[in-house]
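Two complexes follow with subunit A in common, the first pairing it with subunit B and the second with subunit C.
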Partner chain A sequence: MGRRVSIGGVGYLLSTLPLFILNGLFYAATLFLIASGLTIIFSVAGILNLAHGAIFMLGAYLATLTMLTGDIRLIIITFIIVPFIIGLIGLGIERGLIKWVYDRESEYQLLLTYGLSLVLADLVRMMFGPQPISASFLLRESGVIDILGVTYPVYNLIVIVVALFVGLLLWLFLDRTRLGWIVRACSFDREMSSALGVNVGLIYAFTFFLGSALGGLAGALIVPSTVAMLGMDVNALIESFIVIVIGGLGSIRGAFIGSIIVGLVRSFGIYFFPRYELAFIYIIMAVVLLIRPRGLFGREYRRV
Partner chain B sequence: MHILRSIPKEYYIPISLGLLFLFLISFPLIASRYLIFLLSLALIYAIWALGYNFLFGYTGLLSFGHAAYLGVGAYTVGLLIARVGIKSFEILFLAAVLTSLGISALIGYLCVKYTEVYFALLTLAFGEFFYALAFKLYDITGGSDGVSVPYPYLFGYLMDTKLLYYVVAVLFVILLYFAWKVVNSPFGKTLQAIREDPVKAEFVGIHVKRYQWYSFILSGVYSGIAGALYAPLFAHIYPDLFHWTTSGEVLFVTLIGGHRMFLGPVLGAIIYAFLRSYITAYTIYWPFVLGLSVAVIALIFPNGIIGSAYSFIKERYFSKTVVSK
Partner chain C sequence: MAETRRDFLKVTGAGIVGLAVGAAAGYYLAPPKIVEKPVPQKPPEVPKEPLKIGVITILSGPGALLFDPGLKALQMEVEKINANGGILGRKIELSIKDSGGKPENSVDFFRRLVEEEGVEFVISGSTSAEAIALAPVAEQKKQVLIIEEGTVAKLFEEVDTNPKYVFRINNYDILDSTSLAIAMKKIWPDVKKFAVIGADYAWGHDTWDILKGAIEKLYPDMEVVAETWPPLFSQDFSSHISTVIAAKPDVVALVLWGGDLVTCIKQGVQYGLFKDIKGISPTGGEYVWAAGTDTPDNLLMSTRYYFTYPPWDKWWPNREFNLEFHNRYPDSHGGWPGFNCNSSYYAIHFLKAAIERAYAIYGGWPTQEQVTEALEGLMIPGPGGYRYIRPEDHQSLGYAITGLTKQDPRYGFAILDPIEAVPPEEMAPPPGVKWKDWIKHWGEEYL
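And now, the complex of A and B:
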């Protein structure tokens, strides 16, 4: 049951309001990175990558390897190396397996990525064991800061800033660079892009690299303030689905707004109705589905 | 062959069902307790997969959340026995049918608005909702430990493993016959028309979304019945019943058998139950095996393993037209 809000409780609520908002934004930050990776892959290659959650989990587990050493330089490099490695794994999966099912019915594409997801998740269990791995070195070392009247870990703030920065870079890339234009052209019309001389296969491969790298970055970022554990893959996948449904499939802006909504609702929900917070998110999703089926920012869903 | 030909064609189905029923009923006379348990499990999976295949094989909608309805059936029965104290299986069974009907109608209504990728995504998301619910409502559901389920009573008789087996066998034969009737009815043909081409189906005046919804509900109820039998078989309910790997199991069962064949899911279920009991004895990495098989089937055997073998043999040896190159 929710905590009773008395008169004194209102004052308490106001004073802790920034805390909820910051927690919500921190949560939204990682969610945005995961969901934007998923949505980029979908909008360009037309594949709903069910293995994306496992990719994220793999990123988190790989990051624990260096985080546990406590060497600060090594840890900083981790945030570049891990996304790169995970991106390469995504690229390998695309070139090795997914490439063969582009022309098949969507059921087979889903089955393939579903199978891959189980395999990857179990590989993580084989390599790292079933116990959760905590590597909070960075969270402890970066200390806390007084902000808006509450004490908050600096590391979480950094994560929020990094996610905003990555989102900005992503937008600049897709909107202002030549490669970004080509990527968007492929997402609109594959055959026309191909006819205009774009190597569509290469763009798909690049998209898988980029999307997986974003998932890997989210995994590396989340490790210091939580733990790397089995099952985080499915949770991340489902939550980014919800983000995508609210924001609209195939829209980075939608992923951005959707993750902020989900993040804030969760952060407030956990405090007031700890047992029903999840229900709120699903109710919001159901309402969006009923009122605006393609999501807040989604374009008309159409596969050519 | 002579005798077979003298039987009129319309008796084939009742006779084969009768023979199947006789076999299933006499099975406990020769089998060990463990084999009875395994066959019960296989038949429960067969019921579940038959229901699942209404949606996947016959309507062409791929759901990743059908563990939800199995779990709803199992939790309805389990919680009513353990928490409310209702011991009569007739009532429990009815309750499981009703809850799975209600929940699949509600979720199905939202999901069938979409097709293909979006449908898969939504079924998966709603399926995981129940998984989270089973954890969070721990004072009712027992959280991650689940709840142990005492034996219910059927018409006053204690439903132990053996009686449960008979109940499962009888229900299986009834539901198999019903499924056969459904897929060969105008309703079933309508579903297949939708699978082949939803746009054309809409043009000839079929209300596509409504039929997809009906198919969703039908498969939800079959899943609920399977769940209602699953809970007393394991004498335990636990949140993993709702997990997406459980949804993957029914998918796997349907795929090894072949979703394009009516009996595919049944064959798949029998193979699966025995395969799983052997594989889990050797390795704890069952999800790895499961995932690898699903990926391989998706890449290489689009009609399922038995289905592909069947069409291969049919084409190779029983093809009436000779294709010359």
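And now, the complex of A and C:
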């Protein structure tokens, strides 16, 4: 009873293949935004930011403030303001706390960011209370469309498109702008960049801003179709970590491909083997690590 | 032979007489303290200092959504009791600990409360795992422990089979499911194919086992066509929903709570899940408040207490206890009292009633043992009606509430309506019987 593959089931699956692919891409979209933030911070500053999940949760909670008003103009602005505020919070965290542990052992960094995640989660509970907050105005207003006779929420499509767009912008930024080059240079060799006159500290602060803003944007984007609730930070952190391990630590392209793999595997895994939903994602990670220990797009890592 | 026998009798006779004389002499010659008339023991005075009660509950992390309202209601009741003179004149002082849902923290706090802070009673609003960890410790320390949640059947069926100091004062998980099955049989007698979206951890699987067991009894030709198990705190149920829709069940059971249930219902509506499929949810009643106007009508849900039952206008105790409780709760805290608030009410009022009952019988401030005796078989009124503590297994039972969701503009969320309240005796095994044995013969009268 746990797994069900009946003829009718497979028939339905074939006829609604696009639906399951879209479900997978929708999941991948948020995951990509969170994971790209995590991976940018890791690749440049060398910190595995365990508070990144809490940053994402904070973004979701902040977004409910405007989304509950039902004012469409305010809600559109939310997607710019919330990432900006969350980015500033990330910047503050970096300048105030993380700056001091760059040269310490990685255990200190992990302890600090983990402690930070607990503090942030508690702050959220104090500010917003323990009850989940549902702000579905956008989800309701954007309505549903028919895909091959199956209802599908338009908002999910919007999320997928926005994530693709942000991914494109991110690539353009890192690949085509001067600041993007400097960021990448810092991620390759901190001392050489410093010797060439780059203010490395400033770049680190900037990546924390950018990475946190991406996490905040993910929170704001997902909240209409779900709820802001305590505990959402933990899953987000674990799954985005799996994504960047699959894709290769520090690689945006890896985060992109990794999240699509995880999203699709999860979507079809739930259909065929619902009992092993989580196991599947870990199996994929294990297989990738066995074949390519640095992940799909990982590079030789050298940190001084 | 005869002589010997006679001699023997003589000797024994003399011995007996001698013993009797000696005893009599001993009696009359005994030191004065033995002949002194027994003086009735002076009852211990009711102490003057406040009555300290320890509270172990979950105030951080996702579990807080369950227990934070419960604590507020407890504090509200304590304030009220204190304003009316406390228990036998003693003001109540709460010492509150946040376990974060971790059993080892719970046990730690329990020991600290009893050994260092010297609390007299402990109330635990906690998870099943915590209740299972706490019960043996309380028994060993001979310390009264009132469990508010920890609804797993295993607690009194396997862990603490002969409880003396441990009491559970809310309905437990068997009733959540059996009441739901009874109500479903009443309104949808002909459904056949079932699917489940269940939280992938102990509570989700246990609850589905019980619910499936109850459904199998009432719908003998039932069939499970899809099972999906999202992990706790999932943000996205779209693939689970699509999988369920693909299996074309008549009924989907949402064995989820808190934000998970809200998210699943929201996304379910978007995917058209409830267009042709009926939705049921054990304990779901109050979690959909957070979904506001997103909850569709006619989802069948059960809960352990609902603030509109017993109806306020039907009988004076309902007005006296339930309406008053409901009115006081939003006034002080801006919300509606949920089932944990109800449990908190009974936790503190059962204690109060037991202490006063023991005082009336024994005189003086009661010992732990006297309080346990007074708690056994105690019945008190409260917001959820009369509740009774079974003396045999220390499980308290009250009405289980079921109803169909219905949007109500007065509240801005879907309330349960009309509400079916099933008497507890029909929904839970008698003391000492395991639910798996009991359910085999359950439900014939509803077929």
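Here is the rule we use: the second predicted complex is superposed on the first by the 297 of 304 C-alpha atoms of A that agree within 3 Å, B and C clash if a C-alpha of one lies under 4 Å from a C-alpha of the other, contacts with A are read in each partner's own complex, and residues count from 1 in each chain.
Note that contacts are C-beta pairs under 8 Å (C-beta built on N, C-alpha and C of every residue); 3 or more make two chains touch, one makes a residue touch a chain.
Model, not experiment: these values are computed from the prediction.
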Please tell me, clash or fit, for subunit B and subunit C sharing subunit A in the overlay. clash
Per the contact definition in the header, classify A:Ser117: touching subunit B only (first), subunit C only (second), both, or neither. first
Touching partner for A:Ile284 - first (subunit B), second (subunit C), both, neither: neither
Just subunit B (first), just subunit C (second), both, or neither: which does A:Val162 touch? neither
Using the touch definition from the top, say if A:Ile85 reaches subunit B (first), subunit C (second), both or neither. neither
If you stack the two complexes on chain A, which partner ends up touching A:Arg266: first (subunit B), second (subunit C), both, or neither? second
Looking at A:Val245 after the superposition, I want to know if it touches subunit B, subunit C, both of them or none. Which is it: first, second, both, neither? first
Once the structures are superposed on A, label A:Ser225 by its partner contacts, choosing first (subunit B), second (subunit C), both or neither. second
Applying the document's definition of touch, where does A:Trp100 land relative to subunit B and subunit C: first, second, both, or neither? first
Regarding the shared-chain residue A:Val234, is it in contact with subunit B (first), subunit C (second), both, or neither? both
Need the overlap of the two footprints on subunit A, from subunit B and from subunit C, as residue ranges. 121-122, 125, 234, 275, 278
Contact footprint of subunit A on subunit B as seen in their complex: 56, 60, 62, 64, 110, 113-114, 116-118, 120-122, 124-126, 128-129, 132-133, 136-137, 243-245, 248, 251, 255, 285, 287-288, 290-299, 302
Subunit C contacts subunit A in the complex at 59-62, 64-65, 68, 200, 224-236, 238-240, 242-243, 245-248, 258-259, 262-263, 266-267, 270-272, 290-292, 294
Listed in rising order, the residues of subunit A that touch subunit C in the complex are 1-2, 4, 8-9, 12-13, 16, 19-20, 23-24, 26-27, 30, 121-122, 125, 129-134, 136, 139-140, 144, 150-153, 155-156, 222, 225-227, 229-232, 234-236, 266-267, 270-271, 274-275, 277-278
Complex contact set, residues of subunit A against subunit B: 42, 48, 50, 97, 100-101, 104, 106-112, 114-119, 121-123, 125-126, 234, 237-238, 241-242, 244-245, 249, 275-276, 278-279, 282, 285-286, 289-290, 293, 301, 303
